[in-house]
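These are the structures in question, set out in turn.
Same chain, two partners: chain A is paired with chain B first, then with chain C.
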Partner chain A sequence: MHDAIRLETSGIPTAVLVTTVFLHEAKVQREALGMTAIEPVVVTHPLSTLSNEQLDERAAEALEQVVHAWGGK
Partner chain B sequence: MIYDPRGTIDAPVLHLAKRPANLRGLRIGVLDNTKWNGWKLEDRIATTLAQRLSLGPIKRYKKESFSRDARPELLAQIAAESDLVLTGIGD
Partner chain C sequence: MTTLAETKTEDLVEYYFEQAWSDGLPVVPPTPEKIAAVIDALGGDPEHLEAVVPPRRGGLTRQILAVNMVMAGCKPEYAPVVRAAMLALCSPAFNLNGVQATTHMVSPLLVVNGPIRREIGMNSGHNVFGSGNRANATIGRAIRMILLSVGGGTPGDLDKSTLGSPAKYTYCIAENEEISPWAPYHVEHGMNPDDSSVFVIASEPPHSVTNHIADDAEGVLDSIISAMSTIAHNNAVSSGSCAVVIGPEHAATISKSGWTRHDVRNYLWMNAGNKFSALSFNDRYGKIYNRNLPRWYKREPDARIPIVPSADDIHLFVAGGEAGRFSAFIPGWGHMTSPVLLRIDGTSPDAAAMCEDGTCRL
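The block that comes next holds the complex of A and B.
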């Protein structure tokens, strides 16, 4: 979250991926860092044990959220 | 006297970057946080969106460790070379 917030304050729209179990931590971090408006892109946990096919499914979960985070419609 | 051990957070308010009117042709920076499979997911998302939305080139970066912030020089480089960034936290 620190990296994303530093990039945002540098003027770069940043989509930050987080899995479901880390969403609470991400929200706590964004509040502690002062950027409550940043909305994480949330995908189902976990990632580390997934096959390529399962990663495709996770990517599909994220696509519209990433576009939204970047400011696209 | 009762003290609340949780404390309070009093950070200055930081604002999001201005969003572009149109994403077409914009350069994508992908920052790998070194978590296992993280870059694979980021790569899928970036390449799919680049094709669907006619985004600009994708450039990939890697930080030293997911447990540390990216170096300021790396973030400055990414900001200079990217219009949009995709990164990740957590597993």
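The block that comes next holds the complex of A and C.
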């Protein structure tokens, strides 16, 4: 979230990827850092130890959210 | 018959539990008089902001620092140590945000050097990591209470540590400079012996190293190397920095061999590590590169992967009691954090002065 807010502040649209268990932490960070409009991209926890097929599923979860974060529809 | 004052005190202890203003142990009710004494020791001005504590980024004013110190059981004269430790923990290099929120069991270890250790009665001898000394126990506890209440590191909420560790109650020692055959840690890093300092490193609890046989430096250090050379701790897979605490008997043996601090750190660095094949599980789960390790490491099965990138990333202390052939290895959290050394007034050691007189090779 820190990196994302720095990038966004310098005008670079940024997608912050978090897994479900860290969503609360991400929201606290954006409040604390003063950029409440930034919406994290949320995928199901965990990411470690996944097979390539499972990673494809996570990517599919993220895709629409990422496009939205980058300014698309 | 119970007096009114006693009843109030009992109720306050329960009240603080109910408000979640405790680390799970009873706290000392922070009376205005006790708070004022600590604020005075900090230099007055209760609204003065000392630090912003991640991840919640709560403001640590002198008043809030004082409240937490009193609740933890600190004496006012511990104030410079707690203050300097918090400044170190909140400096960007330490990445307290990550240290507080990670699933790892990491907790900041505080090591105090210089005359202030004796002035406030810190323990650097027997049972140095254990219970029984007010200064060690309550300075570490005050830091943890600030991390909880000001930093928001509440377990299960922002603190996502899978297991935690006992070091999350208190984790504070002093170097045993008097018994050490070598110059103290802060002198090794360019300070004067009369300076006092705080050093913080995000780390696991200590891992005991026993060696009751060796009568030379190599033998003692090879046991420490054995403790360092596993693939289970974060240094092995994520690099970073670690600490080694040499017990006085081991230190005497190493010193008798004529070895300096510099020799010790380099021998440990040169000989501790794993083969890349062990870290990559012999490709059992596919080809592994591991971006958390420095890019200059060879990713070949027989390549030696050091525990930390350089000998300077091994932070060496002498501590503990005069009897016992024990030392300790303290794995760090990884490259996501850097340890921080500050003078007791909160200023950084002058980088330009460091080592110019050769003290780094003591």
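Please note the rule applied: the second predicted complex is superposed on the first by the 73 of 73 C-alpha atoms of A that agree within 3 Å, B and C clash if a C-alpha of one lies under 4 Å from a C-alpha of the other, contacts with A are read in each partner's own complex, and residues count from 1 in each chain.
To be clear about the criterion, a residue touches a chain if its C-beta (ideal position, glycine included) is under 8 Å from a C-beta of that chain, and two chains touch if they have at least 3 such contacts.
It should be emphasised that the depicted structure is a prediction, and the values quoted were computed from it without experimental measurement.
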| item | value |
| --- | --- |
| First, second, both or neither for A:Ala32, with chain B first and chain C second | both |
| Touched partner set for A:His24, first chain B, second chain C, both or neither | second |
| Chain C versus chain B, contacts on chain A by residue | B |
| Contacts of A:His2 with chain B and chain C, given as first, second, both or neither | both |
| Partner chain in contact with A:Ala15 - chain B first, chain C second, else both or neither | first |
| Chain B and chain C footprints on chain A, overlapping residues | 2, 21-22, 25, 32-33 |
| Interfacial residue positions of chain B with respect to chain A in the complex | 9, 11-20, 23, 29, 31, 33, 35-38, 40-42, 44-45, 48-49, 52-53, 63, 69-70, 72, 75-76, 78-79, 82-91 |
| Chain A partner contacts - residues on chain C that touch it in the complex | 54-57, 97, 101, 152, 157-158, 160 |
| Chain A - residues contacting chain B, complex | 1-19, 21-22, 25-26, 31-38, 40, 43, 45-50, 52, 55-56, 58-59, 62-63, 66-67, 70-72 |
| Chain C-facing residues of chain A, complex | 2, 21-22, 24-25, 28-29, 32-33 |
